[in-house]
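Please read through the structure below; I'll follow up with questions.
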């Protein structure tokens, strides 16, 4: 993944490990791969997710009630592989659980279990050097974010980016947004100008029209809250053996419909 | 020479800026504005003028003759932050940050609050400076602190209930940060203690050091020497940091007092330094109460103002280098001290401050009569009278012996 | 030269000592002790020292920029008695009288209280001076002011419920006097306002004039001239008397503001000077609210501190000679002013003080921008927040427009 | 009454005008005369009787509910005379009702209705000159009080006393007391030394033993609260036509029993 080459804009779904249960997380990952996902962001639930909006907060709370931990989330990766998940998997976690596990143990564990990248939303570039180095040693890139407020920081972050570069679409936390800022295209263009790696965009993307509009300005879209909200809605059915397959199919259809515009055009 | 934080906002291992990328530039802007402001005599003069003409500083240094006599040990002095406008040291910082916000052209203030003290201070200065103010407060705390909520509304602030997490201070802080991330272009986030990402711990220290600066001058005038021991309570740690900072390079024993709640060997306490471990909370590397997986644990204390799972990174640093001693005091000990000071000196302390006092009383007893203990009386206890009433009626009476 | 009262305690027709014979000698003893104390530099220095080191004086003079701008008239200044220890001007007097009691060898304090403010002040100084304190309080008031009752008990005072009469302040005062008659040999009666028999009106004035003395100095420093108008609320009249006294011989318009309750043309007000007649209450000849047969009428005001059927005899005198103008302000006007100051300046005033403020606002509007109005902000409004909450919820909202 | 000569210690009862009703007050006065009263103190009810204890406070409240006023109380005197009350009657009133009626109107009214004296408990000597003068002009003495605290004032008050001099037995307000101060005899002796008029004692006297002890040191005893309390107990019966006579008889017997010691010895 370190030298990702992109032919068409990627679909990067985000789900929370353990929501609604560890087993179903694996099946959801598979469903997303079937729906055309290029990379999976596997979120680790956290008690204080300050970059997340209510939808992902609720998902984290559900997953924590399932006793999900950072270690268990990482250990889901080989199980996903066993079930046929082939796309790269990025561990999305807040910094504190990493610290408690120990940064070295964390990378050892991630490496052993075949994680393909790490994203830590509350570890900005200036604080990230030790982690970045450990990641490099383990062959696991640390994904950086840039925000609309990053301005003069864009160049610094972009030129050091590993794997891909995550552009935050707008000020604020994760969630579904009806509209994205008008200046988003300019921002993406600016970031792409500085980046050596693919540039993806996330935060708030929840409609196929948004995907349709964005696909010409970036190398991929991250869709989180919209999918997590769908999982929340399907949660009961996903947990009933006789309704699960149908719920998974619905989830797959939903993911496809959201990302359909990505297939239509080539960049 | 004591010279932390460094340019990265680090106090040794502690501090830093562990925030979403979106906030990095807003933080940098505050950092720059703060540096300029602190180097600007006009800013400093305006800050001092408002402290004096609006908030009533300098606050007095009060000798506690009855307590001293009763304990038969060291002389006890109180630095009277309870006499500030709005009743606690919190206003010093709120005035400083509001002035900075104004200088930065921001007209809207975001604040988080637990018991409501910082919320009231923020709402107060927002009214004074003609700014809008939005205060995040856990839904549980809103229920418990109805009067302070009404007070903030009277002052023109909008109080936003927070339903996430345990619906208390920690969650209100998360939500304030989330709101700030979304509105950082035109809002100023006014943190209430020496916590949060750089430059907040430093900024709040600078706006609270007036406590220690004044106390030092007053104590020297009164006693012709420095105190032997200074004691302050530590929630986030702003009153303690403000008090300790000007004494860090002096030969004075500094004691920070955390809330031991029902006991530090129970799950019900807020003794972050005493019992916590290193980690990141609200943008800062520090000690915090967390489980083995790094999930933050809800703290407990009878005192709403000490009921915080983290602590200012500078305190973590001062603990790690051994310059400040951190101890803890239980609910019961604090309540006994609350009653003691009320009865002996006619001063009803904030239950937070009563923690410091309880420790001071323990220490003073073991000292000689030519020695002195200075206590930071961070706030007044009027806000706690209702809680105490319930507590003491609830069969928890530890020292109440009124005649009727 | 203004030189009242005379040796008989008369302010013109007003004042005097209309008390049972039993109290004549105790009053004479106080008179003598007071005269000696006021001539004694050591006493005065001790009084000033306690005001400063314990109560936080001098209190600031605060300019109200937002209010001034909004009214587009005279500049408004506030004398911040709300920043005193215990939150009102009452402590100035309590400290003075306690010092005098100590000098007279008395170790027990009697006080009456309505809302509890003077009771808290008395209990506070009693604790500070290591004296016993017994506070009489109407049973109705005890129910309405539960928190202040608890506060007094915390401070070690005994609170005695009064069941006679209407069970409010007037009756508490009667009962305090009755208790004093029985215990005048070893108790000191600490009256809370410029009322009662000679020498109380004079004594309380002397212990409250610090308000005006400070304000005069501060105002001259700030503005280089005296204020055009000074406004203060009048319950018994101690904050007003303390504020006005040092300005009586200056070219300054003085306005005392009484509580008009639901309107001075209804039976529900406490506008003693505006609507009362001459008579004797609590040992003093003054104006009071009474029926044609001389039975005292229970007053009404939303403000417990102004809810008194009499008024200090010196105010009656100043009204009779036309030196001070007495006007009145309704509940609704005071509540609107309470909200206005909170919102505009971040200062929540006592509802008593809000009466003065309401009048100041009315006056300032009609004045030029080079003119000035000084308001005595006699206390802080924290004690009133609960009442306001009820009042504003009760459909009586006159100016509340919070966003949520 | 101005030159009262005393052969045996006087019995001076105090009752409140209008308690329990104006009519019954007249009958109670008659009963007291029959029980041997020498002078009647007729109390005027007041809203704020600060020299009175709870018993008389309650009586005043009852009388005020009966619309009793200073004027009506004075106007009871001729009605008492009509029913046969011959002993001197002293009007006991707080100062404020007098002020509202007007001091001159008050004395005119008192004179016209045959009052024999006035006692104003909250009008100490220093404040009393105008009233005293008006009283002198109307031939109505203003009774003065001296208290155990009066000390150096005793001589001044005693030497100006009119009618008789009222010694307050102890510190405090009216009421029934179990014990009187041990120093009372000395105090009375001291007062008598200075007084040109009879010296009576009151406040707290509520037992015949007390009367017995005091009679050798004074020219009379004032009994108030004890009688008023009895009236309170008898109040219902006094107001029932068929029980009234019996209640009055009981009241008379009670008054007699209290004051019996006065008849036994001659001073």
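Just so it is clear, A, B, C and D label the chains in written order, and each chain counts residues from 1 on its own.
We take it that contacts are C-beta pairs under 8 Å (C-beta built on N, C-alpha and C of every residue); 3 or more make two chains touch, one makes a residue touch a chain.
Owing to the predicted nature of the structure, the values given are computational and were not obtained by experimental measurement.
Peer 1: I need the common contact partners of chain A and chain D, sorted by label.
Peer 2: Looking at chain D and chain A together, no chain touches each of them.
Peer 1: Suppose each chain is reduced to the average of its Cα coordinates; what separation in Å results between chain B and chain D?
Peer 2: Roughly 66 Å separates the two chain centres.
Peer 1: Roughly how far is chain C from chain D, centre to centre by C-alpha average, rounded to an integer in Å?
Peer 2: Distance between chain centres: 38 Å.
Peer 1: Based on which chains touch which, is the overall arrangement a line, ring, star, complete graph, or other?
Peer 2: Shape = line; chains linked end to end, path left open.
Peer 1: Which chains touch which?
Peer 2: All touching pairs, sorted by chain label, are A-B, B-C, C-D.
Peer 1: Can you list the chain B residues touching chain A in their complex?
Peer 2: Checking each residue of chain B against chain A gives 8, 16-26, 164-165, 170-171, 174, 177-178, 181-185, 277-283, 290, 292-296.
Peer 1: In the complex of these two chains, what residues of chain B are touching chain C?
Peer 2: 52-56, 59-63, 66, 80, 82-85, 87, 123-128, 130, 146-147, 150-151, 153-156, 158-160, 339, 342-348, 382, 385-386, 388-389, 402-404
Peer 1: Spell out the part of chain A that touches chain B in their complex, as residue ranges.
Peer 2: 46-54, 57, 64, 69-71, 94-101, 121-127, 144-153, 157, 168, 171-173
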